[in-house]
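First chain A sits with chain B, and in the next complex the same chain sits with chain C.
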Partner chain A sequence: MLEKCVASPPNILATLQAVQAAFGYVPLDTVPAIAAKLGVTDSDVRGVLSFYHDLRTEKPGKHVIRFCLGDSCRATHCENSLAAIEKKLGCELGETSPDGKFTLEKVYCLGNCALSPNMMIGEEIYPRLTPKSATAALEKHK
Partner chain B sequence: MIITLNGRKVEVQPGQTIWNAARANGVNIPSLCASPNLKPYGSCRLCLCEVDGQRGYPASCTTPVRDGMVVRTDSAKLNQLRRNVIELYLSEQPEGSLQLREYAAQFGLQRVRYRQPKKRAYKVDASNPFFAFDPNKCIACARCVRACDEVQGTFAISMFGRGFESSVAAGNDVGFAASNCVSCGACVKECPTDALFEKAVAEFGKPDYTTRTTCAYCGVGCNFDVGVRAGRIVTMRPVDASPVNWGHACVKGRFGWDYVYSEERLKKPIKRVGDKWVEIAWDEAFTMIIDAFQRAKEKHGPDAVAAVSSSRGTNEENYLMQKFMRCAVGSNNVDNCARVCHSATVSGMMEVFGTWAATNSLNDLEQTKLLMLIGANPTEGHPVTGARIKRAIRRGAKLIVVDPRRIELCRYATLHLQLKPGTNVALFNGLANVVVTEGLTDKKFIAERTENYDAWWEVIRKYTPEHVAGITGVPADKIREAARLYATSGASMCAHGLGMTEHKYGSYGIMALCNLAILTGNVGRPGTGINPLRGQNNVQGSCDVGSMPVYFNAYQKLDDPAVRQKFEVVTGKPLPQKKGWKTPQMWDAALAGDLRVMWIMGYDVAQTDPNLLKVRAALDKLDFLVVSDLFFNETCKHADLVLPAASFVEKDGTFTNGERRVQRVHKVIEPMHGIIPDAEQIFRVSAGLGYPMKYANISEVMDEIAKLTPTMAGVAYDKLDDHFGLQWPVPTREHQGTGIMHTDRFPRGKAKFSPAEYLPPGEVPTDDYPFTLVTGRVLHHYNCGAQTRNSKLIEFVNRDVLEMHAEDATELGIADGETVNVTSARATIQLPCVISERVIPGQLFTTFHFPDNDLNTLLSSSADALSSCPEYKVLTVRVAKLPAKKRAPAKLRARVLV
Partner chain C sequence: MKVYIPDDSAAVSVGANRVAAAFPKDVEVIRTSSRGAFFLEPLVEIDTPNGRAGYCNVKPADVPGLLKKKPTPISKIPFLAKQTRFTFANAGLAKPYDFAALKKARGMKPQQILDEVKKANLRGRGGAAFPAGVKWQTTADARGQPKYIVANADEGDAGTYSDRMIMEGEPYRLLEGMAIAGLAVGASKGYVYIRSEYPAALKKLRAAVAQFTDFEIEIVLGAGAYICGEETALLESIEGKRGMVRYKPPFPAVEGLWGKPTVINNVITFATIPDIITRGADWHASLGTATSKGTMPLQLAGQVKNAGLVEVPFGATLEEVIYDFGGGMPTGCKFKAVQVGGPLGSIFPKKLLETPICFDAFAKVGGILGHGGIVVYDDQMDMVALARHLMEFTAAESCGKCTPCRVGSTRAREILEAILDGDGSDDDLALLNELGDTMKNGSLCALGGLAPMPVLTAIQYFGKDFRRRK
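Moving on, here comes the complex of A and B:
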């Protein structure tokens, strides 16, 4: 699997993205193997891995929610929708729901401010969130 | 180029940053992240300045100077900006480090206006024995990370996380000790806030003053400022301006000096009484030596006495020991431990060039276009040079590694010629063959500066790449490629270690290498030459000053009447003419009953010489053996009398490093435990034998050496202190030393092509002994280990291990870490076996730092025909499993650098 993920020419970030695409996250104990394959040191890889929030080091739920806390979404009271989601999932931002279905992550702008507040589930964007539409969106992902 | 700096016109260099230019002109612009040793970075925002015609406040550490630039580094506005920056730093760490508090006071910061969102409570990483990291004091300037990358080239640490969370971490966030960190201390030296700090400084306090001296570990000869607090050494910091190490160091030199304070050190002379050791007074000890020497001389003649001095000792001590032997005893039986390392380099280079030392300087690594590294592992044996080689490669130089093992530098090599141990001669003949047949020779150089080409070619013509591939195991196309690279780079440099010399035909390997250099004109120019990496700190010097049985100083002949006369004027005594015994011959002589009495100084022959069972039998046969050493070593076990010795920080003198640089060793502290230093020991015994040596101080010994040694004629202590030493030849008092030798002519006139035929090593693998074992060193230990085993370095590596390829281990059913039997034709020893990628199947590697293994009992007495340099590098053995309960070694700590 690692063989397939190593970017050519060797590139730490692209490789970590490929590992995450394959496994859903980058397990910390794979760092030495990735470093050895790329011909760099463990700390080089771990440094990049720790820098990008999008790179996860823990196994996520089945679906990843990226909930926007950017200025525009704040101004349109995204916190109401967030509270509804947290209640429904039984977990807070940065956590995974007890049933393992959803990981709730924060982001600071999804680039869709005209239709704030926003969130993404997987690759799908949900604009103009209300508490109702937000919880309804969860229903679509089982 | 001229700029106006704070209203003053100053001269600056194009390409300099404002910060560096100001520094060079005595203006220190406040800064935390900038360092003269590192590339511009610009993170701390303290060094802001004002430049006429430029908007805003550029960072002086990243802004290059322009001609006519008008710069102000001090103004009310700048002071306010700096105050704000320091305020931000302190908002994260209210206590702040000393440096932050000093800046706060300097900029008039009264209080921090920001409330703290959360308190830092990071764990201190104290895993490294010598230094610790306190993330709570870190300002994330990345100076440590940049030092690790740019200076040391190990890339062991990185900035982790981002924003408030950013900090430094090692490896896969495993702590410094468990990461690939090599503890060179570059990060600690760069840290501006004491987030990285030396444990000894934390324990004993910052130094009151420093004394400059030269490191006593390997032959690189790094310069250090030794920091002393209340009479105790607390730190050794590498010197930025040193032309040898340029502010860099390795773990041994930087931190491994703590053996000076080891409780294990010998404190008083001890004599053997039955099977016990009894402390005696110094006077009694000297009387014992004088009596024993006198008796042997009278009864058996002066040649029944021999002495071995140390390449770890100073030039002065080595000189005095040979003078003592020649004048007080009347015998040439004096040798030093260079015999077992680079003696073959000397005999090989003598033949081709007529000289016995590195042709170029370490600084030539900055200019070389291609480095061919042979039988050396500098990132462990000569780590500061190793780091420098990595820098040269990043600059664009090419690297060819010639080594049976896949050493760390192979990662950066253009080519790795993984030859079978003991086939050097064939390989270099093969390279020369390609150079000639492909028309890549330097015809002008050959015509003008060499001789004996035709006779040489008659021998070399049959060493075609295909023929050589059969001998060496290196594919013919790689031989061709290496030859082309070496011949055509424009400036090719060779550096070699003991993988070249410690062979049955070591001298011939050196000749073959030198032939290749003169064939392609790669001598006498910057970035070229033949450069032995000397193993011990004073291998070069101990031979230069004549501690050898068959030569006087600077390899002057014993039987040359003019030389003898010159010496006798100084010594006031006729000198013995009969050649003395080389160290291995001393063992034969002792066993034969011809050698009766010995003095061995700073050299653990009973651990490091080959064929140990024989050496030990020889030592036991002596009537009287006196050993001077820092620690009770293996040789002491065979002695009648043991004298404590002074370490390098407890005496004055000089060491000569591998690039012929004679450098001062300054006394930093008084000898511990009232120890009488080695030179004084020699004086006392010599006087007792009726030959008092009169010197007002140790510098007069060097004056005498200068008088008798043509290559060092202009060397004197005052000159050494002015410079960072002097590289010989220094023919006159006015001479500034010689960086590159043989620019116009060779000492022997023309260089002589010296044909050398390949002959197989002393032992080749058989069914009984199928493995070839190579021995060498690791980063954290130094030769016999007397110093490093008595240092906290032992926390990194506490055992010698046998490195074996996974295929062989699988075949023999040996698990990683399992203790095995290793058997040669002489003996059987036990070693823990470690699976290693560095060796190929059929080959093994181990080190010789720990005496309990008795490694060298495995070796034969086989040695280089010309120089008697032992064949350490080729030994055939078999490996066998042990009964189950003996397989697990006790607390194994080892590391394999790849």
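Moving on, here comes the complex of A and C:
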């Protein structure tokens, strides 16, 4: 599996993205193997892994929520919807809900700013969030 | 019967797919790009003898009987009718792309293309407003081989979405612009670096690249790092490394991707090229202000009634854009401030709304036009909370290479947090000013260099918010 993820020509970021696409995250114990296959050091790989916000080293929940904290969503008072979601999920930004269903991540802009505030679950955008519509969106994901 | 329904991701977010599915089989549903009047989406259009007409904010339940109702002619929607559209001329239409500019460019000598772009006085739309023709000439004259064309589709500025609209709506316009740049500078390959927050744009772009045989283009996916919109960090990221900003010089135009001469431009910059080639440099130079030529696709967001894409020639004032196009504040909201140019853009009070949309007019009043994002804030927005949010953003996104940005942003965030918690001291505002000066003058790139601007302008124009807590 790991073999298939190694980018050619060798490219650390592209390889880590492929690993994450395959496993949902980049298990830290795969780093030495990735480094060996790419011909770089473990710390080269770890450096890239820790730099990019998308890359995670822990298994995420079943659904990933990307909650927008961008300027337009701030301007339209997204904090109310965020608070409602955090309460409902029992976890904060950057965490996974105790039942393992949702990982709540922040994102700076989804390009849907004309219909702010926004969040994305999977690849679906939920626009014009209110505390009510935000928690209702969670219900749709079992 | 035929109806046109956008499949743009913003239109889809408010139900365009569900509306499309609600039409019976005898109605032909054609999916198009969005016109950018997002406050009217889903906008369902039909052909009439006098051009397109549409039904606004359609819900699936409205579909039975919808076509018996009287539609609004698109030409009677002021938000759209008053715009001057070139880069987005085909938005909402279902027009096959004709590549007329590329055909014409093939009949030109590379130097003729370069001269045309220089004469058009096209300035980059990604933020720094550098003349594209000068950059292209530098790469054309550079000795290294091979040469590369890179499209910056990172669109990191919150409050902007014009790159996304081009990639979803008319990706060939971008690819054509890149191919023309390739002809002009003698490049062998192009890259589009696209942010990971745009899955719909990525799919559309992939499909377009697969069909495009005139120039080799590879798509590279970002991984959620704002700094990778900065051109040298972006190149590092394409190379698979941490997105650390490079020292300049050497400039990418001479030593860019893998050390080779590289033209890097924003998506909208490339998307403006086809019109410059087909209509001519003089046409482009005839639009706009003395130093900002052509049109600017502005993106209205935040607390504004009619949020969406507004393409107008440079020179319109902020007030015209926000009130004449944007319709002003939503019911029940009062204007407090506007931020133009993304998270690094200055925060302006009402009195600066007379500022014209023009790179230099903005510079003169201590702001940036950036990528053309306009975010309006209402009077419920606490400027200290906003300033803290923006500094938290910078601290999170700093690549960490230079000290003023890495340490300065964290210190500034801490000070703002203290003010927010009511623990501010008299010296805090002076300290923020001093810290801001150090960041402005000592940072390696414009992230640290501009990050103090929204904070300092917020203090300058909304000092009351900062002082009332002491």
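Keep this in mind: the second predicted complex is superposed on the first by the 142 of 142 C-alpha atoms of A that agree within 3 Å, B and C clash if a C-alpha of one lies under 4 Å from a C-alpha of the other, contacts with A are read in each partner's own complex, and residues count from 1 in each chain.
Convention: a contact is a pair of C-beta atoms (placed from the backbone, for glycine too) under 8 Å apart; a residue touches a chain by one contact, two chains touch by 3 or more.
All figures in this text were calculated on a predicted structure; none of them were measured in a lab.
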Worksheet item: Just chain B (first), just chain C (second), both, or neither: which does A:Pro10 touch?
Response: second
Discussion item. Under the stated touch criterion, which partner chain does A:Leu2 make contact with: chain B (first), chain C (second), both, or neither?
Written reply: neither
Worksheet entry | Partner chain in contact with A:Cys113 - chain B first, chain C second, else both or neither | second
Practice prompt. Please determine whether it is chain B or chain C that touches the greater number of chain A residues.
Written response: C
Item to complete: Would you sort A:Asp42 into first (chain B), second (chain C), both or neither based on which partner it touches?
Response: first
Worksheet item: Now for A:Ile125: first (chain B), second (chain C), both, or neither, which partner does it touch?
Response: second
Worksheet item: So, does A:Ala33 touch the first partner chain B, the second partner chain C, both, or neither?
Response: neither
Worksheet item: Touching A:Asp71, do we find chain B (first), chain C (second), both, or neither?
Response: second
Worksheet item: Taking the contacts chain A makes with chain B in one complex and with chain C in the other, which residues are shared?
Response: 47, 51
Discussion item. Taking the touch rule as given, give the residues of chain C at its contact with chain A in the complex, in rising order.
Written reply: 9-10, 12-14, 38-39, 41, 155-161, 164, 196-201, 220-226, 237, 239-243, 299-303, 307-309, 339, 342-343, 373, 375-378, 380-381, 386, 389-390, 393, 397
Worksheet entry | Residues of chain A defined as touching chain B within the complex | 28, 31-32, 35, 39-47, 50-51
Item to complete: Please give the residue numbers of chain B that touch chain A in the complex, ascending.
Response: 154-162, 169-174, 179-180, 411
Worksheet entry | In the complex with chain C, residue positions of chain A that touch it | 7, 10-17, 47-48, 51-55, 66, 68-77, 107-116, 118, 120, 123-128
